[in-house]
Each structure stands twice: as C-alpha cells, then as structure tokens.
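Labels for the chains are A, B, C, D and E, by order of writing; each one numbers its residues from 1.
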Amino acid sequence: MDVLIDLQPQMWQAAGETLVIVALTLLFGGIGGLAIGLGLYSSRPGGIMGNRSVFTTLNVIVNVFRPIPFIIFLAAAQPLARLVVGTGIGNPAIIFTLSLAASFAIARIVEQNLLTVQPGVIEAARSVGASPLRILFQIVLPEALGPLVLGYTFIFVALVDMSAVAGYVGGGGLGTFALLYGYRQFNPLVTWAAVLIIIVLVQVVQFFGNWLARKIMRR
Amino acid sequence: MSIISMTGVNKVYPPRQRGQSEVVALDGIDLTVNKGDIFGIIGYSGAGKSTLVRLVNALETASGGSIVVDGTELVGLRESELRRVRLGIGMIFQQFNLFSAKTVWGNIAYPLTVAGVSREKQTARISELLHFVGLADKAHSYPDELSGGQKQRVGIARALATSPGILLADEATSALDPETTDEVLTLLQRVNREYGVTIIVITHEMEVIKRIANHVAVMEAGRIIESGPVFEVFSHPQTAASKRFVNTVVNSAPRDKELAALVERHPGTIISVAVNDTDASQSEVIRHLIQREVEFELIHGGIDNIQGKTFGTLTFALRGTSDNVRAAIDAVSRFANVEEVA
Amino acid sequence: GGNKETVRLGVVGASDSQWKIFIEEAAKEGIDVEVVDFQEYTQPNPAVSEGEIDLNMFQHIIYLAQYNVDSDDDLTIIGSSAIYPLGLYSTKYDDVKDIPEGGVVSVPDDPSNQARALLVLQAADVISLKNGGSPFSTLADVETDKSRVTVKALGAAFTATSLPDVDAAIINNDYVEDAGLTADDVIFQDDPEDESALPYINIFVTRAEDKDNETYRKLVDIYQTSQPVLDAVQKNAGGTAVFVQTPVDQLNKSLAQTEKDYAASK
Amino acid sequence: MSIISMTGVNKVYPPRQRGQSEVVALDGIDLTVNKGDIFGIIGYSGAGKSTLVRLVNALETASGGSIVVDGTELVGLRESELRRVRLGIGMIFQQFNLFSAKTVWGNIAYPLTVAGVSREKQTARISELLHFVGLADKAHSYPDELSGGQKQRVGIARALATSPGILLADEATSALDPETTDEVLTLLQRVNREYGVTIIVITHEMEVIKRIANHVAVMEAGRIIESGPVFEVFSHPQTAASKRFVNTVVNSAPRDKELAALVERHPGTIISVAVNDTDASQSEVIRHLIQREVEFELIHGGIDNIQGKTFGTLTFALRGTSDNVRAAIDAVSRFANVEEVA
Amino acid sequence: MDVLIDLQPQMWQAAGETLVIVALTLLFGGIGGLAIGLGLYSSRPGGIMGNRSVFTTLNVIVNVFRPIPFIIFLAAAQPLARLVVGTGIGNPAIIFTLSLAASFAIARIVEQNLLTVQPGVIEAARSVGASPLRILFQIVLPEALGPLVLGYTFIFVALVDMSAVAGYVGGGGLGTFALLYGYRQFNPLVTWAAVLIIIVLVQVVQFFGNWLARKIMRR
C-alpha cells in the first residue's frame, strides 16, 4: 500500500502520458489509416474509383506491415523514427511507431465500415454528377460514420493496450508503469492500480463512443 | 430534335453463381426521345424499364450498342466525362435511394452543392422545393423518420433541385396518394412546358401516361414492342401487352368476372362500342338504337380525353325484340367498332 | 530417450548456441533435456514453482532474492555458472570522461539489472545515488543535482539499439555480441572479481524440495565441466564471462543474506 | 365478429434532436375490422397508415389505447406472447424489407421455417407461390438482382407463405404493372373468400379498394376521418379528403383544365349527372333528353361497378333550343343529381 | 545465410506452430467473441432482446479485459490456464490465453458488424413471429456475414501479430522464432525470413478473406 502512495506522482504522470500517447497516435494513425482505408475502399474492383493495381498495391502494403510482431517493428522502425522525429527512443519515437503500425490496422477497419454503405446511396450521388472524391467525403463517410466511430473506439482501446510496450524504447504511460513498477517487481497492487486506471479510461471512452455512434446511427 | 437516342443497345447481367444463366435485361433497344418530350415507358415488372433509364445517365454501362445523350456518345466515355453529362440529368429512383445520414434538407441540397450553387441560392431553392412537395415541416427529419410517400417526395425534390434539362423519373409517384400524384404530375408538366425539360417517366400507372406523356413505349422482356404518340398507342394498341395496359386505363369492354356480373344483372344482349374522335360518335350510336325501338342502358365504360381527344368504349345492355336488336346492331356495326359481348 | 527421464530447463534466450551443445552433452550422460525458452525474466521462476519446468538458468542471485521475497517463494540454488560484468558502451565516446554534462545514458528497465547499472554508473562517476546506492536502488534514488547525466530506462534489448540516440548505454552481456559490439567497445564495467559482485553470479535454480535431485546436480556438473559448452557461453558473452564454481552452500547463504537486505530495503 | 379492434390508440414519436417537436403519427384511432373483411385504408402520404398496421402485429408499440387482435389484447403483452400473435399475421411491407442474404426461395421459405413446416411441404408451397407471382425463374436470384416489382412480388409471396389468418398489405401493389396487380388482387380475393383470411390493404390506388375491399377507412393527419362500406363511402363521401380520393377512381364530373378543354370543344350547355343503382338510371335520363329533342353527346365520365352496384357520373354536352335544354335539365333534375358545369 | 539454412527445420516447425496457435485461437476466441458479440448486439437498448443491465454488464466486462496490457493479462490468466488446460506455459497456455483475450476484441468486431444490418430486415423477421434467437442466427448473422468475414480476417492478422508474445510463456511459432533466433540475436536475415513467412501467410489469408467477403456481399 505504501508503495502505491509513494508511486502516486509517477502514476498520475503515467496516466497523462498514456492520454497523450494514445491521443496523438489516434490522431496521426487515425488520419493515416483513414487515408489508406479510403484508398482501399475506393480502388477496390467495382468501387467508386476501381483500379485493380492500386488496390492490390495497397492491399499488399497493409498486409506486409500489419503482421510484423510489434517489437520487431519497433526496432526496425527506429532508424525511420530518428529521421522523422529526431530520436529512436522515448515518447516521440513510440508515438511515431505506434501511429505507423496503427495506420495499417485502422485502414482495414475503415475499409470494412465503408463497405457497409448501401450501393443505392452511392448511385444516387453518382447520378447528380458528383466526383468520386465528393462521393467519398460527402456521402460515403457520413453514411458510415456511426460504424466508423465504433471502429475508432475499438482502435483506441487496442492502442491503449499496445502503448504498454512504450517502455521498451523508453516511453511512458500507464502500461509501462504497470509493467515496470508492478509486474516486473512482482508488486500486484501497483500492477492492478495502474490497470484499474486504464480500465476506467477505456470505459469512459467506450461509453462515449457507443453514445456517439448511437446518436449518429439513430438506432 | 432528338436529345436521347439509343441504337441496338443491349444489357446483359452475367451469371453470378455457377449454374445460373445470364440475364438479358435489354435486347436490341432502339429509341429516340426528342427534346421537350414527356416520354412514357410502360411494361411488365422486370421488362427492363429501370435498366433502360439507368443507361441514359450511365449508372450502368451498356453491353453493346450506342447511346447518344444531348449530342454526346456515352459508350466508351470516361467516368470524368460522364460526370459532366450527369450534371444535366436528374433522376428519381424507384427505391428512393435517399442519403440516410443527411436530413431532408441535406438530401435536396446535395445536387445543388455538387453543381456549385451558392449557399443563399440553395436556401431559396430548397425552401421552394420543400413547400412544393409538402415537406416544409420535415426539413430537419432524417429519411428513417419519414413515411414511404414522404421519402419519395424527397427523391422528387432532390431530382428537380438543379433544374436539369433531362429528368428520369422511375416510378416517381408509385408511393403517392392521388392528390399528391396529381400535384407532382402538374409540376412535371409545368417544368416541361416552361423550361423545355425532357422527361422520361417509367410508370405502371397508366393514368400518369395518359395525363402527361406525349410519347409512350411499351417494353416486354427487354425489348420495345411498341412505341408512338400516346393517343395512337392508346387508341390502336398493336400488341397483346399494350392492349392489356391500355385496357386498365381507358374505359374498355368488360372482361371475365366483371362481364359475368353484368350478364347476371342485365339479361339480354350486351354490346361494347369503341368510340373516339376519329371513329364513331356515340350520339349516332344512340340514335340508331332509339330509331329501332331498342331499349338500352349504359352498363359499363365511359368517355375520356387523352391529349385532347375523345376516347372510350361504351357497353350497353339492349332489350327489345330480337329482330330489332339485330337490326340495331347491324346498323351500328356499319360505322362503329361493335363487339357483341353477351 | 524415455519420456520419464526428460528434464525441463527454463532459459531466456534458448537460441544461444550453448544450449544445443548442452543438450547433446547431457544426452551422452543419458539425460534427456528439454530447453524451454521464455522471453521475459518474470516467467521462468513461477514456472519452476508450478512444476511446469524442473529448473532454470537465466538469473543471478539478486534477481532470485527479489523474486522469492516479492512472490513469497522459496526457490533454491543448486549451482553456479558464470558472472558477467555489466558494461557501459558508447559509439560516440571512447572514454567516460568525454560524456558531456547533461548527456543521456540508457539502462535496462528490469529492477535488478537496473540497480546494478546504476551502481556501475556511480562507479564510473557520472551519477550519484542516495545513501551510496545498493543492489535495490531505483531511478528514484538518482541524485539529479549531483549527477552529470540523465538516466533513461529501456527494455533490456533496446539499450543496445538506442546507442545512436544516447551518449552511452548499459548493455547486458546477452546483447553485446548480438548487437555487433565487442568487449573492446566497453568504456566502463564493474569488476567481476570484486566481492560485491558475488550476488551477480548466474545460477541454476529449482524447487526447495528438489535441491538434492541427483539428475539436476548432474546437469549442473555437465555445464560446469563441459568445455564445448563453456566455449559457446564465452563466445556468446563476447569473452567477458568469468566462470565460477562457487559451492552451493555459499550461494544459498548469499541468497539468504540478499533476501534479508532486500526485505529490509522495502 | 371483430378480429381486430382498436380503441383510442395513439402513437407519438418523441423528438430525436433538440429543437424538434414530437410527431403524433396516430391520434385517437378507433377501428374495428371484422373477420373475413377486406378492409381498405386510404389517406394522404404521411397520414399514419403504415404506422397503424404496424401496431396490429406489434412491430411498433402504441403510446396509448387498446388493440385487440383475435381476442388478445396486445398492449402490455410480453414479446414472447406477441410472437404467437404474429405467427397468425402476414405482412407485406411498403419498402419490401427482403432478406438480402437469402435468395428469393430463401426469403419465401423463412416464414415457413419459423412456423415449423417440414422441408417437403415447404418445397411444394414455395414452388406454388413462385409460380403464382411469376418468379419461378428467379428462385435462386438474390434481391439485389431483382427489379422493383420483382422484389415486391417476393414480399407478397413471403407474406402469404404460411397462409396466415390476417394479412396486412402495405401498398402491396405499388410497384406492379396493372396486369400483375390484377393477378395479385385476384389472389387476395381468393384467399379471402376461400380461407376467410382477413385482409387490411393500405393503398393509394383507389382501383385496389374498388376492386377488392368491402370496407374502407380514410385517414388524415393521424385520424380516421371517415369509415364505412366501400360503396357508401364511394357514393357519398362526407369529407373533402374522401371526395378527392373517390374522384380519382370513379367516373366523376370533369374539373379544371379537363373541363376547360371540354368547354372549348363542345359549345353549349354541359351537365354532369350522377348515376347509381339507388339514385337515377341513365336510360331514364337519356329518354328525357330525347323526348325534349335535345341533341346530346356523352363527353366525359362513365359507368362502373363497385361491389356489384352500378355507379358513375355522366357528363353530356347538350345542344338544342335553350328552352328545350332548360326543360330537359329541369325534368332530369327531378329524379337525378344534376350539375350544370358549363 | 548459413544460419538460415541451419535453422530451416526450426523455422518450418515454427510456421506450423503459428498455424496451429492462430487457427485454434481463432476457433475458440472466434466462438467466444461471437457469443459475447451477439450478446452485446442483442441486449443493446432497442435491440432485439434489449436489456440494459445485461448490456451494461457485458460492455463493462469487455472494457475491463480488453485494455489490460497483454503480458500482464498473460501472467494474470496463468492460474486459470492451469485450471483449464493443465499448464500455465507452452502452446496450450498461450492458445488458452490468446483465445480469452481475442474473445473480447472479436466481441467488439462482431457487435459493430451486426449493427450495420438494416432495421427493416429485422422487422420483416419479427413480423413472421421469429424468436430473437432465430432472428439472430438465421437473419442477422447471414445479413452481416460479408463484413463479419472481413472482421474475422482482421482478427486473424491481429492474432498472428499477438502470437509473437507466445514466447513469453514458452510457446512457439514464427513470431517467437523471429524474436528468439533473429531479433534477440541481432540476426536480421533470420528475423526477416521469419517475418516474410508471416507476411506470405497473412497475404494468402487476407486475399481469401477479401474474396470470400466479396462473394458473400456480391459487391
């Protein structure tokens, strides 16, 4: 118990770091994933800008990067991280690498959700002479917004989980905190205190996501 | 001056599962629609009507043939060029196809946004359309909060929003009550007359053809089996299908059960006389009946006006001595198209 | 060999070449060894406790002491293998003195290695620890105002890859050769011969009730005496390993002492 | 013997966004449908027709009032009990609502499966239904490969599959051509007569009401504003809305533009005479005209049969001396409902 | 290069192990996730068996377990693994724990995809008197099958990635192989050879998933 009280400042700092890491990752990875996902959706054969070679290329790229074990990806991406964010360790590096990895997962989630948009609606948009980009952004995205919100909520939770490995490259956050001060020290109280905060955070976000999706989908 | 012309157009849907055969939805369509026409298309369910109009704005690509819209050959055109063509064509979809994530207002605004209409002009235009289709109070409702007819009216407003030069109306009034149908048809007629909008109406309601179309094509199994000015097709339908369609709208000879019921209630001879401007006049018919002392009663049918011409089939029950009746029928038969139905 | 005789040995890093040789050597003596790999230091001890493996060989005395205290366990030592000095490496500087004021040094993030690393850094005179430091010091014990460098904890495997990002890094023997470094790259290390290094002797560990198991003792013996095994270990350690055959009693006494110290430090 | 009865039923959709007001879709509905009735419901788009029938099989729960179906009070019933009620009710949806993952066959099979019908019996029944709706060749197609009318026919077959005791048909023929409509109506009439199936038909096509309904209710803004036997409502509509609906189907006096066109082509006096079994007979009318040496021509309208009764409005152009014309009109007016329209 | 040739037998064995781990996890976790996902979908307020307390309970449970850093979860679940599969280490334990963890992620994917089913279709099923379970299994699942296939494909790839941590508890597979013989040994050739096999495996599965989904959705 005492340990926990001693560690309180670190724990709250870690909570803050988790929020920052996950929020920024969701932002960058979210945008990257959205872009790739939109690309996959619209280039798919029979899609609004059907183009088999673009689709295959994107598909292969996503499939190449998604399954690489994250710790290997983390190490392999260090040189790139140094180029882009100036360092291979610490929070900037972990945010960079997580964003990159998350992009590919988000791309699939986006692709899947866009595919549930009714073809008739897209036809209606085509019939008024809308360009593929307009259709994508003004019709397809709004139509799929409810499921997309749920998809991004899903990814948020996955990112919280993934960010626990931040510690490998000197990043912070609650997951790292739980591992370093709790788990590695065989200190269950600390472990579960940190996990509890993570869980509360996730509950709040998931409830918010559900609420938002329900509002958007009106069901 | 033709604005839409199709030559030898085919549309084949390839089989999607093994064991299925391909579907020939359109089979050698030749069609010319002139600028300013209100061109009706009728035909049985599955005949290919929707497929045909979807080729006009290239939502579907033809399997073969040539389609020229407003001077542009569509077949072989790139998507970006087709887009320009579509800007000038409004479409009312059979299944409405509303944007479920947009309000009624947003649905109608979309084509205006695509056409680059300024926000202020949009507001004015949308209000006008909403009032016209009677949905001013539903402007901020979403499609899933609307009744069937309300959805259809949103679809109509959306198609009309940009005042396109060509309007494709696929069963545009199928979910509307007669009063609203009437208003929509009046509007279509107005845009046609005032702005010269060319309209293709697909419908199964012959009333719609009768009221607003000047030309009509009858489709069956992917082919156009009959086509011409409405009055001609209605007064002298050539094919069995056309006859059946026409029968449903113009007062026609009673058939089957209807006839049986009439026979039961009106013993004696029953004749049906086709009457129209070019053929017989009914005054004359009646005069002959009276002259021959035949008592008669109009038991079925009536007179209508199509494109300003009188038109109809009258069915009379005749009573009198059989000689008189015979003589009367013979006399009338000399100048009119008489059918002795019972 | 028969299934009955199979001994399950837990290690971290089963790919190290000595294990293949060790299995062969044991087989010659009629013992069937299965090497079970764990990628995390946290796992092999509980696995022994649960009887899922028979013994393990991956840790030093301090790590075991902390584990026993924290998890209220009584795993025991049945033999020693080697002691590895812990080194400070740099690709930027050839001498500790060149590390600039305010520089960054990365250290492993598992508690025992981290404390040892801090002691190394204190000995190298780049940081200062509260109360002179102990094998249980944490990052919180670094007296920042009296230290020349900032210490950053990373996963043990990542201290080596972090060299481009930091001024120097403490790298475990396990990763030295693998990272393409050699013992020559070391700019500072602790002294394996020093008495204070005793608790860093790597050990064979099993359950208390099995401490007299003949087969297990035999395996320790094979390890300590088989030259091909030792050569492979040495090659893997970049030539830094110092083999020791400390008597089991002495090892366990050190364990008991360390456990007491650790409990007191909590 | 009432099979469906509603008393004081309300349905309110609460506002979904701030700033919106609630929608009162049904407002104090009292309604009784007797066993074996074919009960028509007509009304403007958005009047609440779909909402009303959705209460009958409890797809929607009422905001207030009592709904008794086949002796069971639905309001307050648990979902599991409602399920039993629904087994005896078939529904044809306005928007079809086909199962997109099932073939045509699978769609029709589903209610049979739910009802526990054996596979062999299913096969026989489905084949029969497929032939009836003319989709035997589409059995293995998926809904997205069907035309609008084909989808609707699948919906009809699905609703009829289990031969339910009550059938709710929400615009069941809105996408069908006249011929297919006719066949569907004939079938509905047959199941009604042969199996005593009670049918509620919502429609905007008055023809449908005329052809098969015995009772009709007219809805406006969530209320039933008129209700009664079809012949009565059609012959003496009480409300403005009913009158407008009736006018679209029975031969009626010409209005507005139609009248203007007639006046132009037929100078002189124009009269409209309402004719039906209970009121005037047209033979008599004509006799009076002839007696007074008035030349006449039937220029609009006709005679129809509703529920076996003669029914119609005839519009004549009269020519003769103004005295004669006057006298004739007076004479006819004595026994018939005459309106001098021009 | 020589190393790679030496390691070939291990590598192929690892590939086999990955297949087994992922396949079994997908099976057990897939079923578990389907069950929870169906529960979430049908108990959601306004759903086919709307029940706020069941929904909230499930929702909270999923949110509690999903964000726990996997390595902590792995350790925490060991006692349970010992109870269920008899051991806390090795492939059986990793399959058990991965299945458990995957269930919660799959549950969300399932829930999301089911939510895209058109309400009108469910109404049609209700109107013929179908019970909620019937509707769920005979209507909702088939209607959502296309997106579900894509969702499960997504999870398959995620599992391949996650299975790399199998090594923590003495499990095998390509991820572990890559980490152990390649990454930890700083032997890039081995690392990337293993990763390459993973990628090829994932490509094949993803292409198959796409193909199947397209066949089912017919778009």
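Details
Basically, a residue touches a chain if its C-beta (ideal position, glycine included) is under 8 Å from a C-beta of that chain, and two chains touch if they have at least 3 such contacts.
Chain labels with UniProt names: A, E = D-methionine transport system permease protein; B, D = D-methionine transport system ATP-binding protein.
Just so it is clear, the structure is predicted and the values come from calculations on it, not from any experiment.
Within the contact network of the assembly, the step distance from subunit B to subunit C comes to 2.
Common neighbours of subunit A and subunit D under the contact rule above are B, E. With chains reduced to the mean position of their C-alpha atoms, the one farthest from subunit B is C.
Note on chain placement: the centre of subunit A and the centre of subunit B lie 53 Å apart, centres being C-alpha means. Remark: subunit C and subunit E have CA centroids separated by 36 Å (rounded to whole angstrom).
Between the CA-based centres of subunit A and subunit E the separation comes to 17 Å, rounded to the whole angstrom.
Residue positions of subunit C touching 2 or more other chains: 42, 157.
Residue positions of subunit B with contacts to 2 or more other chains are 16, 95, 142, 144. Counting partner chains per residue, subunit A has residues 71, 75, 119, 183, 218 touching two or more of them.
In summary, the structure contains touching chain pairs A-B, A-C, A-E, B-D, C-E, D-E. Subunit D makes touch with subunit B in their complex at residues 13, 16-17, 19-20, 23, 42-46, 49-51, 94-95, 140-142, 145-150, 152-153, 170-171, 174-182, 204-206, 244-245, 248-249, 251, 258, 261-262, 265, 281-283, 286, 290, 295-305, 308, 310, 312, 314. Every residue of subunit A that touches subunit C in the complex is listed here, in rising order: 71, 75, 78, 82, 87-90, 93, 167-170, 180, 183-187.
Within the complex formed with subunit A, the subunit E residues making contact are 46, 59-60, 63-64, 66-72, 75, 105, 108-109, 111-113, 115-116, 119, 146-147, 150-151, 154, 157-158, 160-161, 164-165, 175, 178-179, 182-183, 191, 195, 198-199, 201-203, 206-207, 210, 213, 217, 219. Remark: subunit D residues 57, 59, 79-80, 83-87, 89-91, 93, 95, 97-102, 110-111, 113-115, 142, 144, 158, 162 touch subunit E in the complex.
On the subunit E side of its complex with subunit D, the touching residues are 118, 120-121, 123-132, 134, 138-139, 142-143, 145, 216, 218.
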